[in-house]
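After this come two complexes, each holding chain A, first together with chain B and then together with chain C.
For the complex of A and B:
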C-alpha cells in the first residue's frame, strides 16, 4: 500500500482465492474461491470477513484490530507477505496476473488451519532467543532514567514492530537456515541495544555476533524490509547491530562476519569494483593468515569452476585489474569526514521528501 | 486440572499487570487469553497515559480533572487512588523498559490531552498502548517460571462453588478444541469492554463483552452501563480511531463553513474539552447541516499547522492510518472524522482492589467499573485505569489466596459447556417441522445488533428510540438461540466462538439499553434529548444492573464524594 489513494467509489466485485487447509480432514490443502462485493479501497481482510459472514463461517484467519496495529492477520497476498487488513482490494487485484486475489498462509511457519500459522513454533521461539527484556542499569533511579531524547525516538522504530511475522514469512536466510535468529527477533534485539538504559549492550552484541545464526547470518536480501507493514526495516536494524558491534564495540566474531564487512569496504575502496579473489582471504585476516588457508581451500572448487567456464582468468585472480576511480575515493573521504555515523531511521530522519525547514515545534518540551 | 492461586482471564494491560503483581506477591499465577497477549486490544491505545509527574502538577489536580470529566458520577475515593498512584506506576513502567519519549533534558515528555488542566500525558509516539503492552509481555516472558500462560484459550463459563464463590473457569483451547476446567482460588477478569456490540466502533473484533457477561451471569452487578463513550475523531469510512493526541499536538476541528466551531461549545478548552462535550458538538454541527462530506456526515480534523517533522515523529501511526485507510496525507490536508463508539465506562462493579461482590471474583480494566470514569472517561486515563487496578487486583487476589485452600471443582459445568457447543454446532439451517421463521446466521444477528445500538443508543438518545433498541435486542436474543454456524471442526473453530461471543454482546447490549432508559437525565456520555439537563437531586447515583432470573433488574448505589462537590461543568 505504497501510494495514497482516495476513498469513496461504489462497491465492486472481487474474486478471492483462499488457500484452505483442514487438519482434521486428512486432505491436502486446496483453493477455495469466493466473490465478494466491497468498495475498492477496502481491505483484503474485510473481503475475507465478508466471505466468512455470508458464505462460509469456517474460513480460518486470525484478525482483530482491522487497523494494522495488533499484528494478527499476517498472510501472503499474491505471493507477497503482509497484513490482510493493510492491503487494499484494488491494489491486490491489480497486482495479480489474472485479477484474482490469492491469499495464502505465511511461509517459514507450520500451518494450523487455513490462513492460521503456528507462530509459537518459530516466531516467538526466536524472540525468546534474544533475551527480550530490558536488563536495566543499576541502581534504578527514583524517577525516570535520564536519557537523550533522540535515543528514545530512535528505538521507537523497532518498538513499532507488531510481531505480525510478515518478515519471518519470507526471510530467505531462514528458508535456507531455519536456525537463523531472523529479522523480527533481531529488530527486537536492536530495541535493547539502542536503549541507553540497558546494562548489557556489549554482552548482547557479542552473543549475537558470535552465534553463527546471529547477525552475520543475514544475507542482505531486503525481503523483510519490503514485507514489513510498519516500516520497522528489520534488515536495517540488523545492519545497525553489525555496525555497533564492529565499529563501536570492536567485537571480532568467530564467523568472520566483521572481517568480511571490512574486507568488502577495503576492497571497494581500493578497486572501485569488487575483486572477489581478495575478498575470501581478506575476510579471514589476509592471504597469509593461518585462518585463511582452510577458507581458501574450501573456495578452490568454486575458483576452478570459474576458471574452466571462463568467468575468471588467472590474471584477474592474481593481479588487481581495476583501481578505484576518483569519485569512489571522494565518497569514502566524505563519509570518513563525518563526525558521527549517519543512521537512517524514519522516526528520526523522516521520508526522503522531508526536506522542509523545521521551525520550533508545538508540543515539544515538557511542562516540568 | 490446572490449579492456581490466581487465574487471570484476558492478557491486555490489566491482565498482564495483574499477573506480574500477583506473581511478585508470591502467588501461583496463570494468565489465559482468547488471543495471543500482544494481540489484545490495549495494543490500539494510542495517545498516552496520564500521571501528575511534572513538578508543576499535583495528583489532586489530575483527580479533579477526572471527577469533572466524569460529570461528577465517578467515585472520588477510587479516583484519588488512581491519580495518587499514577506517578509511581508510570515510573515503574519506565524502569522495566517502556520507551517513553523524552524532553530535551532527558526527562519524560508530556503532551496535552482532553479535559486536562496541564500537560500530563506521557507517551511513546502514538503507539503508547502497544509499547506498554509489549514491554509487559517482555516481563511475562522473563517471569515465565512464575506465570503460566494459556494463549488462545477461550472461557466458556465462570465456576461457582456451593457457597457462591468463584472457583475457576471452563475454557476451550482454540487450537485443539479441547475443553478443560481450571480451578483457582481467585479469578480476575481482565478481558476488556464490549465495543463490538456497536457498529461501527473503534474497538477490535475481539472486544465482545465476554467478561462483563460472564460476571453478570454469575450474579455480579454491573454499574454505569448506560455510559458509552463516543470518541470525537473516528474515520467516517470505517470507524478507525484517530488519536486525541492529534488535538493534543495542536490539531483543530472545522465544519463545512471552515469555522472552528468548538469556540461555541467550549470556549476555554476548545478541541481539548472532554470527549462527551466534543462529540456532542460535532454531532450537533452535523445534525444542523454544517457537516462536511457528500452527505454532510463528517467534520474536518486539521493537523496541517503542526510542523510536519513533529507529526511524523509523534503521530506516525495516524499518518499511516490516514494514508492507508482514508487516502489522506494528514500532514498536508484535513481528514474527515465523526464521533464513533469507543469505550464502555460501565462494567462489572468493583471496589478499589478490583473485588466484585462475588467472593473470589475480581475485575480490572475496561471490563470493570470502579468507577473512576463515571459518565465520561478522560483520554489517557484508560491505560492508567488498567494498570493501577490491574496491579491492585493482582496484589489483593494473591494476598487473599495465601490464607485459602484450593477449592474442589467438579466437571459438571464442563459437561454442560461441551454439550452446549455440540448443540450449537449441530443447529439446523432450516426452520423446524413446527414451522416458525428460518434460523439466521450468527453474523447477520451481530450486524443488526451493531447498527441498532449505533442508531438508538449513541451520542443523543431519547425514550422512543431506546425502547425500540430494547425491543430489537430482545428479538435478537431469541433469534440467537437458534442461530447457526458453518464450522463443524474442532481445530481453530472461530465460528463457534463467534456464536458464544454473540450471546455475551447481547447481554451487554441489554444492560446498556436498560440503564439508558432508566437514567432520565443528561450526564456525561448519556444525553437524553427528552431530559436535556443534568439532575443531581434525582440522578447523582449509579445505576446497577443485576441478573434476576432471566432478565435485568435495576437498583442504585450512591456516588462517593470526598472533596469535590458537584458543580456546573464548563470547558
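For the complex of A and C:
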C-alpha cells in the first residue's frame, strides 16, 4: 500500500475540482476547477488554501492545525472520506481516474457552505447521545483510581478519535437510517464501557442494545474502518460492545441482535455449515416462539418463491443435511466456556517483527 | 496451464444459492481450474462468530486453512464468497501477526492433528494464500487468457458490478493497492468478457443483508436503493462475487422493490455465471432458472446479448 512520497522535490501543477454550494445564493451546487502549483508531497488542504488565496477568496473550507490533530478538515477526496491535510497531492492525483483531484463535502451531514458541513446537526448530537463522560463508581477514592494498564491501553484506541466525522460521512447504515447512532459515537461509547472506573456499564450497554438504532443497527460494511485517519476501528468497537452486551451482561435486546448472534453460533456448532432455514425463526426465539410467527409469515412469500425456483427444497429446509464434525463442536464448547475470552487486539500488540510486508504502514499519523 | 486449488465453497453456495456452487463447478474445467473441495471444513463465521468470540472464529478458520494446506499439490485456497474472503482474511491477519497466538490456536487444533502454518513453503517463504475466484481469475489466470477463452462475447450486455463490502474493505487487509486494484477487478472481468461496464452509486456499498433480521426496513432499503441506482444507470443486470449479497439483491428483491416503492426487475448474476455465459455455457447449465428475477426473462441472451455464438 505505502507508496513512498518524495519529500521536497520541485513544485508541480495539480488540477483541483471543488464542489461549491452556497445555500444563501439560491443556486444549485456546482463544480469549480483550479490549477494549483505545489510540491507533490504537500497536502490537498494546502492545495485548496492556495486556490483560495490566488483565485477565489470565497471558497469555504474549515481547517486549523493542518497536521491531522484537530479534525477540522474532513472532506471527501475522489469519493473517499478523509482529512484534506492528511492526504498528499500526488497520492490524491494517483487515486483519481483522470488525474483531477475531486474534493466534496462529507456525506450524511447537511452542507453549510462548499466543503463545510454542519457537524452540530449530526455528529455532535450523536456523540451527546452516548453520555460521553465517565460516570464514576462510588465512593470516589481519596487518591487516584488504580486501573490495570491493559484496560487503559485498550481504550486508547477509541480515545484516539479526533472527531473529524470521516466515519459518519460514509456510514452506510446511516445513509438509509439517519437515526443510527453511528460509528463515531459508538466508538466513544466503548471508551467508557471499556473503562473499569465507570459505574454504568450495564446501563450503557442496555441502552445501546435496546435502541433500534443502536449497536445492532450496524451493517458491518467496514466503511468507518477504512475512513478513519486515526485507526480507531469504530466497527471493531461496535462488535466489542455487542460481545460484552451479550456474553458478559446477558442483555437480550428487543431488536433480535442477541438472539441472532446466538442462533447463528448455535447453528454452526450443530451443522458445521450455516443452515439458513433455521436462522430466521431461531433469531426470533425459535420456530415455535410466538415472536417467530409473524417473522415466519412475512418470510413466507420469499420462502415460497425460493422453493418454486428450486433454490430451496423442503428437505433442505426441514432436515439438516450437514453435521458438524465432532472436533468442531468441541472447539465451540471449550472456547465458549472459558472464564475469560482470549481477544488478540493488534492495535495493542502490534505485528511480529519478522512480518515485513504487514500493515506497519497504515499511514502517517496513525498510532499503530 | 492448469491450476489446482483447495476449494472452499462456503455455506450459502450450497444452501440457498445452490446455482453458485453448480456454476463454479461447470466453469472450472473451462478455465483449467482443478477444484479439490474442502468438504470437512466449517463455516467462516461471517463476522458473527467473531462478534461473539474472536478466538472461536480464529480457531475455526485456522482449521479450514490447515485443511487447505493438507491438499497435495494445491497452489492456494480459493473461495467463491466475498464474506468468507473478508471474515477469513481478518482471522488470517491475527494468526499471521502473532506467533504466540498462532501457537495457542494450533494447540487447540492439535486435537485433530491439524496445524496452520503461516509460511507453508518454509520459514520466510510465501505466506498462505486464500483468494476469491475473482482475484484468482485476474491474478492467476489473467485477463488475456480469459479473453482468449471467450466463445460468446457479452456484446452489448450492460453489466453493473456489485462488489459488496467484505471484498473491498479494509484495503490494507485485503491487499488492495495500485498494483492490485482488486476493487476494480469486476469491471476488468466484465470488459474482458466483452460486456459493457455500468458505473452506479451502489457498486461498493452494503447490500443490507447483515441487518435483515435486526432492521428489515433499513436492510431492504439498502438493497432496493442500489438496484434502483443500477436501473437508472441503464444496467441490464448486476454481477456479484458474494452469495449473501445475492440473497438480499435477488431472493429479497420483491420486498426490496416494495421498500423503495418502485419496480426493479434487475437480474443479479453470480460471477461464475457471467463467466460461464461468455465461455459458451447455456443459462440453464448455470442455474439461472433458479433466480427469483430470472435473467432469461429480462434479457434475451440469444439475440440481444450474444454477438457471435460459437
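The working rule: the second predicted complex is superposed on the first by the 314 of 368 C-alpha atoms of A that agree within 3 Å, B and C clash if a C-alpha of one lies under 4 Å from a C-alpha of the other, contacts with A are read in each partner's own complex, and residues count from 1 in each chain.
Here is the rule we use: contacts are C-beta pairs under 8 Å (C-beta built on N, C-alpha and C of every residue); 3 or more make two chains touch, one makes a residue touch a chain.
Worth saying up front: this structure is predicted, and the values here are computed from it rather than measured.
Engineer: Considering only touches as defined above, state whether A:176 meets chain B (first), chain C (second), both or neither.
Structural biologist: Only chain C is touched by A:176; chain B is not.
Engineer: Figure out whether A:289 sits in contact with chain B (first) or chain C (second), or with both, or with neither.
Structural biologist: neither
Engineer: May I ask you to decide whether A:148 touches chain B, chain C, both, or neither, giving the answer as first, second, both or neither?
Structural biologist: first
Engineer: So, A:323: does it touch chain B (first), chain C (second), both, or neither?
Structural biologist: neither
Engineer: Which partner chains sit in contact with A:119 here, chain B, chain C, both or neither? Use first/second/both/neither.
Structural biologist: A:119 contacts chain B only, not chain C.
Engineer: For A:266, is the partner it touches chain B (first), chain C (second), both, or none of the two (neither)?
Structural biologist: In the superposition, A:266 touches no partner, neither chain B nor chain C.
Engineer: Is A:132 touching anything from chain B or chain C once the two structures are fitted on A? First, second, both or neither.
Structural biologist: Only chain B is touched by A:132; chain C is not.
Engineer: Please identify the positions on chain A that touch both chain B and chain C, taking each partner from its own complex.
Structural biologist: Comparing the two interfaces on chain A, one with chain B and one with chain C, the shared residues are 1, 346, 350-351, 354, 358-359, 362.
Engineer: Per the contact definition, I'd like the list of chain C residues that touch chain A in the complex.
Structural biologist: Interface residues on chain C, with respect to chain A: 11-12, 14-19, 40, 42-43, 45-56, 58-60, 63, 86, 93-94, 96-99, 101, 104, 108, 111-112, 124, 165-166, 169-173, 176-178, 205-206, 208, 210-211, 213-215, 217-219, 221-222, 225, 251-252, 254-255, 289-292.
Engineer: Can you name the residues of chain A that touch chain B in the complex?
Structural biologist: Interface residues on the chain A side: 1, 4-8, 22-24, 41-42, 52-54, 56-58, 60, 62-72, 86, 112-114, 116, 119-120, 127-128, 132-134, 136, 140-149, 151-153, 155-156, 159-160, 162-163, 191, 195, 197, 346-348, 350-351, 354, 356, 358-359, 361-368.
Engineer: Per the contact definition, I'd like the list of chain A residues that touch chain C in the complex.
Structural biologist: Contact set of chain A toward chain C: 1, 3, 94, 172-173, 175-177, 180, 212, 216-223, 225-226, 239, 242-243, 246-247, 255-257, 260-262, 264-265, 268, 272-276, 279-280, 283-284, 301-302, 305-306, 309-312, 316, 324-325, 327-328, 330-332, 334-336, 338, 341-344, 346, 349-352, 354-355, 358-359, 362.
Engineer: For the complex, which residues does chain B have touching chain A?
Structural biologist: 35-36, 38-41, 43-44, 53-57, 91, 94-97, 99-112, 118-119, 124-125, 127, 130-131, 134-135, 138-139, 141-142, 151, 175, 204-206, 237-238, 240-241, 248-250, 294, 305-310, 312-314, 316-317, 320-321, 323-329, 441-444, 447, 485-495, 498
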